[in-house]
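A, B, C, D, E, F and G label the chains in the order they appear, each numbered from 1.
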Amino acid sequence: MEILLAVTIGLLYAAGIFLILRRSMVRLIIGLILLGNGANLLIFLLGRISKGKPPIIPEDSKVFTDLYADPIPQALILTAIVISFGLQAYAIILVKRAYRVTKTDDLEEMITTDEL
Amino acid sequence: MISHFLIWPILLPLLSAIVMMFFWSKPREQRVISVVGHFFTLISAIFVATRTMKGDIYTLFAGNWEAPYGIVFVGDALSGALVALASFSALAVSIFSAGSIGNGRASFGFFPILQFLLMGLNGSFLAGDLFNLYVWFEVIIISSFVLITLGSEKAQLEGAMKYVTMNLLASIIFLTGIAMLYGLLGSLNLADLSRRIAESPDIGLINTAAVLLLVGFGIKSALFPMYFWLPASYHTPPAAVSAIFGGLLTKVGVYAMFRVFSLLFIDDPFIRKTIIILAILSMIAGALGAMVQENIRKIFSYLIISHIGFMFAGLGLFTELAIIGAIFYLFHDIIAKTNAFLISGIIYKIRGSFRLENIGGLYNQFPYVSILFALALFSLVGTPPLSGFWPKLYLLQGAFADLNAWMMFGILLASLLTLLAVVKIWIAAFWKKPQVRKEIQERAVWHTLDQQHKIILLTPIIMLTLASLLLAFYSSEVGSLAALIAQQLSDPRIYIEAVIPTP
Amino acid sequence: MQLSGLIITLIFTFISLFILALALPSARVNSRRSALSFLVPFSAFCVFAFATPSTEQVISLWESNSLPFNISFKYDGLAKLFSLLITGIGTLIFLYASAYMKNTKYTQRLLSFLLLFMGAMLGVVLSDNLLVLFLFWELTSISSFFLIGFKNEDDASQKSALQALSITGLGGLAMLGGFILIGEMAQTYSISQMLSHTDLILEHPWFVPALLLILLGAFTKSAQFPFHFWLPGAMKAPTPVSAYLHSATMVKAGVYLLARLNPIFSQSELWFILLTSFGGLTMLYAAFQSLYKTDMKAILAYTTVSALGVMVFLIGMGGEQAIVAVSLFILVHALYKAAFFMLAGTIDHETGTRDIRKLSGLGKSLPILFGIGMLAAWSNGGIPPSIGFVGKDLIYESTLNFQKFSYAPYILTAISWLTNSMLFAAGLLVGYLPFRKSSAPSHPDVHKPSLMLWLPPALLATMGIVFGVFPILVEGSIVNPVATAIAGVSIKTHLVLWHGFNTVLYISLATLSAGLILYLFFQKKTPNWVTVAEKYGPRQALHGIANSFISFSAWFTKTMQNGKLRLYLLVILSVLGSLLGYVVLRETTFVIDPQKLSEITIYEGITVGILITSIFLTLFSGSRLAAVAAMGVVGYTLCIIFVFYSAPDLAMTQFTIDTLTVILFVLVLYRLPRFIRLDFSPRHILDGVVAIGIGALMSIISLEVLHRSPVREISDFYAMNSYLLAKGKNVVNVILVDFRGADTLIEIVVLSIAAIGVYSLLKLRLRKNEKME
Amino acid sequence: MSVNEYLYVVILPILAISVLLVFIRFIKGPGISDRIVALDLLITIGIGIMSVYAIVSEKSSFLDIAMIFALIAFLGTIAFGYYLEKRKRDD
Amino acid sequence: MRSLFLMNILLALVWVALTGKFDYGNLLFGLVLSYAILWVISRGTERESYFRKVPRILFFIAYFIKELIKANIQVAYDVVTPKDHMKPAIIGVPLDAETDMEITLLANFITLTPGTLSMDVSSDRKTLYIHAMYVQDKDEFIRSIKDGFERRLLDILR
Amino acid sequence: MTDFWILVLSSSGALFILLAAIGILRMPDFYLRVSVTTKAATLGVGLILTSAAVAFQQFAVTSRVIAIIIFILLTGPVGAHIIGRAAYFIGVKLWDKTGTDDLKGKYNDRNHKLK
Amino acid sequence: MNTIILKTASKYLLPLLLLFSVFILLRGHYLPGGGFVGGLVAAIAFVLHAFANGLPETQRLMRIHPGFLMPVGLAIAFLSGIFPMLFDLPFMTGMWKKDPIPVIGSLGSALFFDIGVYLVVIGSSLTILFTISETK
């Protein structure tokens, strides 16, 4: 399974990168979101995966009696997800505003600030 | 040493921001709270700095969970100094903003976000945990996103598209590096990581993380060839925003590089060499860019890139002299760049434009202000005995010790080109006959301001120039502080021992 | 010793105070205050005149504890000569300037910059520490920039100031590089101490670059060919500035530096070759050019360049006679050149022109000036009994006795003779031609200049004769100590005006006759090739280099920063990909050990299959909404994976956030245009290669990491203490609100900022006057 | 065969096949509305899978995720409906 | 009616608390018990309708489940067999239901049974448009809806 | 006994879900797909959830199951209604064998008000 | 969207979802859930209501601007973070009331912190979504 997930991670990165290299702002944002997903999955995978063992202490005990999945990557991803949500929301709205103001979705037409 | 005081430079901006959010659409109250908040933050930051510069390293275990289990805030000499400098620059910008940011932006969160930005900066400097550093970085970038687009002018939005994209990419790369390190070492605490890396057999894999962080932080600090977002965007927001960005944002990347590459990644010749090459190319590429720009803020923007190269050069060499040079330059650059952009703001108020062809005549019209500006600008250049000169001496010595001719060449060439770029500004904006153009005339509001308002706008520049002069005047002391920092950076054991004492 | 330190400190403090005093009050003319400013250089002059130089003593004022930057001074013969010139001529210049600039705006600004400049020059010549010297050196460049550009609204002034600063700045920084090199080689930046470590420098592999860098600094400052052109250009400055900077002080800083470092470098063959060739070329070329100038200041500028060439040439030759010759020549030249400049200035001041073609017969109306001109020309020409005559003798003596290579005496003497002849002719053009009897005087009823416009040059010109008659006045007090300092060994010569009829005297006579001939036949119409030489000469060459450098900068900047985000990202990602690729290829083994991996069940297979399909759907969908929906599916599938692998909190959050993101998109999307069609282009291949490359690297790296055994120390701590210490059973939540609660606090800050950002992006509409603040 | 095995061997595969089938519809479309319905159905099946998973792994907390799924799938559908309505109106 | 319902639940909870046995069986028993008690004490008052409605609701649920299964089988047959027997149509059904609650519940129940889908309600709230899979005869369909779900639903709600 | 109910409930649930899945793939037009899927899936998921309640036999689990079922019953049809009507006025075609269309022409094109 | 069916449903869904969100918030320390998800669910409840009834109606219902919840939540989180400092404990140290209470479990500063998170999440997501829906 790890191999499959590793390949998926690779694909998420590749797809994200391919999309951010496009001219359309919408694709750009989607690409960034895919990259974010890739990074989250990477944290998850590299924190090692284990099936059916949520890191929740059973009701009747005070410590784990069984094996449990590493909770740290989960907490990290959770934080990362929420943060990316904020950033993505902002980016999406930025795209909307930029489109309204510049009248184009084509990033190659937004070059005025780079001119001498 | 457990020390509550480390948290105040983080909490005070947060507190001020929260209070301001309760005064959401009351710009007048916000301006006062902003300045007061920044002032107290500065006090707390100076408190931190004066303690850390004695050589002790202070820690604060958030939640009372000892390292490496909880999040630890660490104040060593570098962190302390940067917290103080950042808070100082922020106070200057805050005063400037109080005088220059109109009610439009002020009633849409400008001031709270300025506080959040400072909070993020101070947090980054004090973070002793890699993931915590990531989160602080996010605070910084989102605040900067908002500040850079606040107002939604066309240029702002276009610049922000690039700024946002590249910064988000950098964050993702950073996060990827964190994933690698956690996967390999099972820890996030910097000291703990350092300890584990020293014993790890997987240095090869750890180097991939090093590369990821190099690129991630490289983008954030506008290192060649990852700087594109900077000249595309820094000249678009209000001058106050450019100032705090120019002074502090890229520096956090530099700081993070220093922290991570001193503590975590052991000496890998390939990576060191890469850093040196990119540093030299930054110096030159940035300076070349500055040479040909016609917009004051763009000139400064490119100079940021060029001067980031100086700091990275020190990091790449990583000898004591080189680190001293880089750290000293870092201190100097925070002050000088903030000041430069604030000056551009005043010039805009006077002439209504940032473009050189629209300015002129300042020297004859405002001789004393001009001399003040000249001091600031020549500090930026590094004309001896002003502050930028001293770190370069260390760097040149360091480069010689390494027999690195290219680096010496880069530093000297970049210095020369910086001089020429600034002189170009001087001639065009200060000497040349003033250009009067109808279409920009209405934006030149200086003459409509009352005396008090003008003083508010000039105060931060005087503050920063004085600070710059102090850096120069006490160059020997600053050098000693930088030497202390270099010593702390060169020996991770000091840091580790402070954070996770051996029982 | 302590006393000298005190005195030097006092002098600098004094100067600084006066700079402030002049600069602060107002920009308006305040002639009384400006007139008094001459007291500063004058009192300093007196101090220097009575101070006894010492070759041994170094006065240390301040030591840096982390840099080799020690403010230490040394007052030896060389320093004394220059200090006296700087303050002495400075005094006269201040007197002259306050008269000359009487009705000009911003006189005080000029005087304060002059003072600043003077202080800097004193610093240069007194410093014993190379870095301190560099500091003052740069200050002279900066202050002269302000002086040359004094008429700051004038286009030509701006240009020449920029030109001067560019060249001296270039040289200065090169010199700094050279200083660092030799300082580090010798392990000291003290010039005095360096003298005992010359072997360390000469034997270092980087000796040649170090020498070249230092020479670049000295040559640019002292206007050696091919960097000479900034000096004539700098004549845009008001005449007092020209007189000060370009006769006695700034341009001689380069010569000073060469003289100062001569003991260190003189053993090197390269030193000799470079100094004599550049010096020789400069003196000939500039002297020749001076003959074809019509502006008095231009003539003087070129002769100055030529004279600087002579000095460099002499230092390069070395040997006792040459060193003595240069020691004397520095003094001589300063006296007559400053006089000439002030003379030119006064003529200009009274007649309004400096063009020698428009000036004639002034001797009648301005007899005093005529006298000054003649005296200066006397000295310049080396006609007895002027001190110039002594100097010229010494030059010829040194060239005649030079034996380093065959024919050397002939060649060197010939060059000197030619140069001197032309310089004499040029001197006549300035000092005699405008006053020469004329049937139609150009300015018959010109005003008599005020006292301060003629007294200073008159004093200087007279001194040239006085010293000639009594060379003893300068012999022991100046020339010998200077020569000793330059040579690095004790020199004691005896200066005499009259050596009898010898070869040297014949050559001197030949010089005078040749000069007279040149003067008489000097061509009013400049031959074409002279103009061409200037036009396509070094100035054009350097301008061309500078211009192509700027074009290159522009091209480079535009190419890098072409505005296209795609390019930016591609560059960044290529850097990432190649660095990462290199490290990964170097380090990884590519072994997959199935033992360490878990098996794939069919559900997981299907889940991942859907995930991958959705990724492709997102990639290649032509419809935006479909792409967004597919992206949503990607998130949902991840969520299922989180469910499979024991992360319920994560699954919940991922699912919620994914949906909200899709909703956000949906709310925004209908305002956006449709996708541009995804036509295939070569760009896609490039992008694809980078994308797939990095993707593959990520896969490889993750598999590699998975082959290492995990470290669970911290997780185990959390698991153990989650309930016992933090009273929660959902460890993930306990991490979020307690173990790593600080992260969460920051995170909600991020969310708030993002919300404010969205709000302001959409709601804020600026009023017109608020657009840029 | 225990209940768990049965769920594993029979029920989950059926659900997995259902997911595949629906996903084919999702890919095929043709219209955006078809995709939305397919997505909604996918999530609904996801709730089923999670319930089964909860039984199999004896962790009732998966039902919580199911709850969230149910809730949000609805919001998604509403949002898409909103989009379709807006888009038409603004064309 | 509402107060009675609340009272019923409250009493059941009190029962659970008294017995201290917190599970569904006990709660259900408590509900039935308190229902019975309430019914006894409310006989003859106008509040009696509550006690008529509860059985009706139960009947309605049974009816709904029956319809659900019946229709599901019909659809299942159609879905599984290759030949399509559908005869779809969109039919406007005139409504007797008036309040928001009535209309919404009706529409939802119709949608929940296979083969029918409530498309929309007219602005005047007089017509419910239903997409149905098997419409042999329009009037027959309308009648089946009105007599089936609508009547039973309104019986409960009114 | 418990196991039996789990088997029955989960099997029938899974079958209904499969039915919905086949239905969405096989049905000729959008409206028919919605028609088929909403209820079959709702029913199927409801059954599976019930089997979970049976399996755990805990108060907390059962209440959650009930909550989810109520929620699904409440939202499923509303969602179908929303998406169905939206599809109608963006012009998603009806199957060509569709008989009467009482909605035809009743929507106001501008504000989507239904006459 | 102009449909009574959705409007009616949303009227009942809103309280249901809000209740649910608080439930999720409170149980987070023991079972999956917590401030984030809880806040998001609450936000979704209002968003649904807004979709059905139009934004003005929802805003009228909420009475305050959702953005106001952000400083309130931040302030609660901030205070729960500095509260321990009054007792000379480091920033954000968890402090607990001795005896647990039902449903929630132990009452402690972490819970207040989570409530802060909850409010900020509601405030920010609603601010984002509402602003977007409001703006053309």
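Note that contacts are C-beta pairs under 8 Å (C-beta built on N, C-alpha and C of every residue); 3 or more make two chains touch, one makes a residue touch a chain.
The structure presented is a predicted model; accordingly, all values stated were derived computationally and were not measured.
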Completion exercise
Contacting chain E as well as chain F are chains G
Problem - Least step count from chain B to chain D, where 1 means the two chains touch - result: 2
Handout entry: Distance-maximising chain from chain C - centres being C-alpha averages
Key = E
Handout entry: Contact-richer chain pair (by C-beta pairs counted) among A-C and C-D
Key = A-C
Completion exercise
Taking each chain's mean CA coordinate, chain C and chain G are separated, in whole Å, by 62
Practice task
Could you put a whole-Å number on the gap between the CA centroids of chain C and chain F?
Solution key: 79
Handout entry: Where chain E and chain G are represented by their mean Cα positions, the distance between them in whole Å
Key = 34
Exercise for the section: Give the residues of chain D that touch two or more other chains, as numbers and ranges in rising order. Expected result: 19, 36, 59, 61, 64-65, 67-68, 71-75, 78-82, 85, 87
Exercise for the section: Specify, in ascending order, the residues of chain E that touch 2 or more different other chains. Expected result: 107-108, 118, 120-121
Exercise for the section: Give the residues of chain C that touch two or more other chains, as numbers and ranges in rising order. Expected result: 554, 557, 561, 563, 565, 569, 644, 648-649, 652-653, 656-657, 660, 663-664, 667-669, 671, 698, 702, 705-706, 710, 712, 714-715, 718, 729-730, 732, 736, 738, 740-744, 747, 749-759, 761-763
Fill in the blank from the handout: Inter-chain touches occur between A-B, A-C, A-D, A-G, B-C, B-G, C-D, C-G, D-F, D-G, E-F, E-G, F-G
Problem - In the complex with chain C, residue positions of chain A that touch it - result: 1-15, 17-30, 33-34, 37-38, 40-42, 44-59, 62-64, 68-72, 74-75, 77-79, 81-90, 92-97, 99-100, 104-108, 110-116
Exercise for the section: In the complex, go through chain G and note every residue touching chain D. Expected result: 1, 6, 17, 20, 24, 31-33, 37, 41, 44, 47-48, 51-52
Handout entry: Touching residues on chain F, where the partner in the complex is chain D
Key = 3, 6-7, 10-11, 13-15, 17-18, 20-22, 24-25, 30, 33-34, 37, 41-42, 44-45, 48-49, 51-52, 55-56, 58, 60-61, 64-65, 67-68, 71-72, 75-76, 78-79, 82-83, 85-87, 89-90, 92, 110-112
Completion exercise
Within the complex, chain G is touched by chain F residues 67, 71, 74-75, 78, 81-82, 85, 111-113
Handout entry: Contact set on chain C toward chain G in their complex
Key = 648-649, 652-653, 656-657, 660, 663-664, 667-668, 671, 725-730, 732-734, 736-738, 741-742, 744-745, 748-749, 751-752, 754-756, 758-759, 762-763
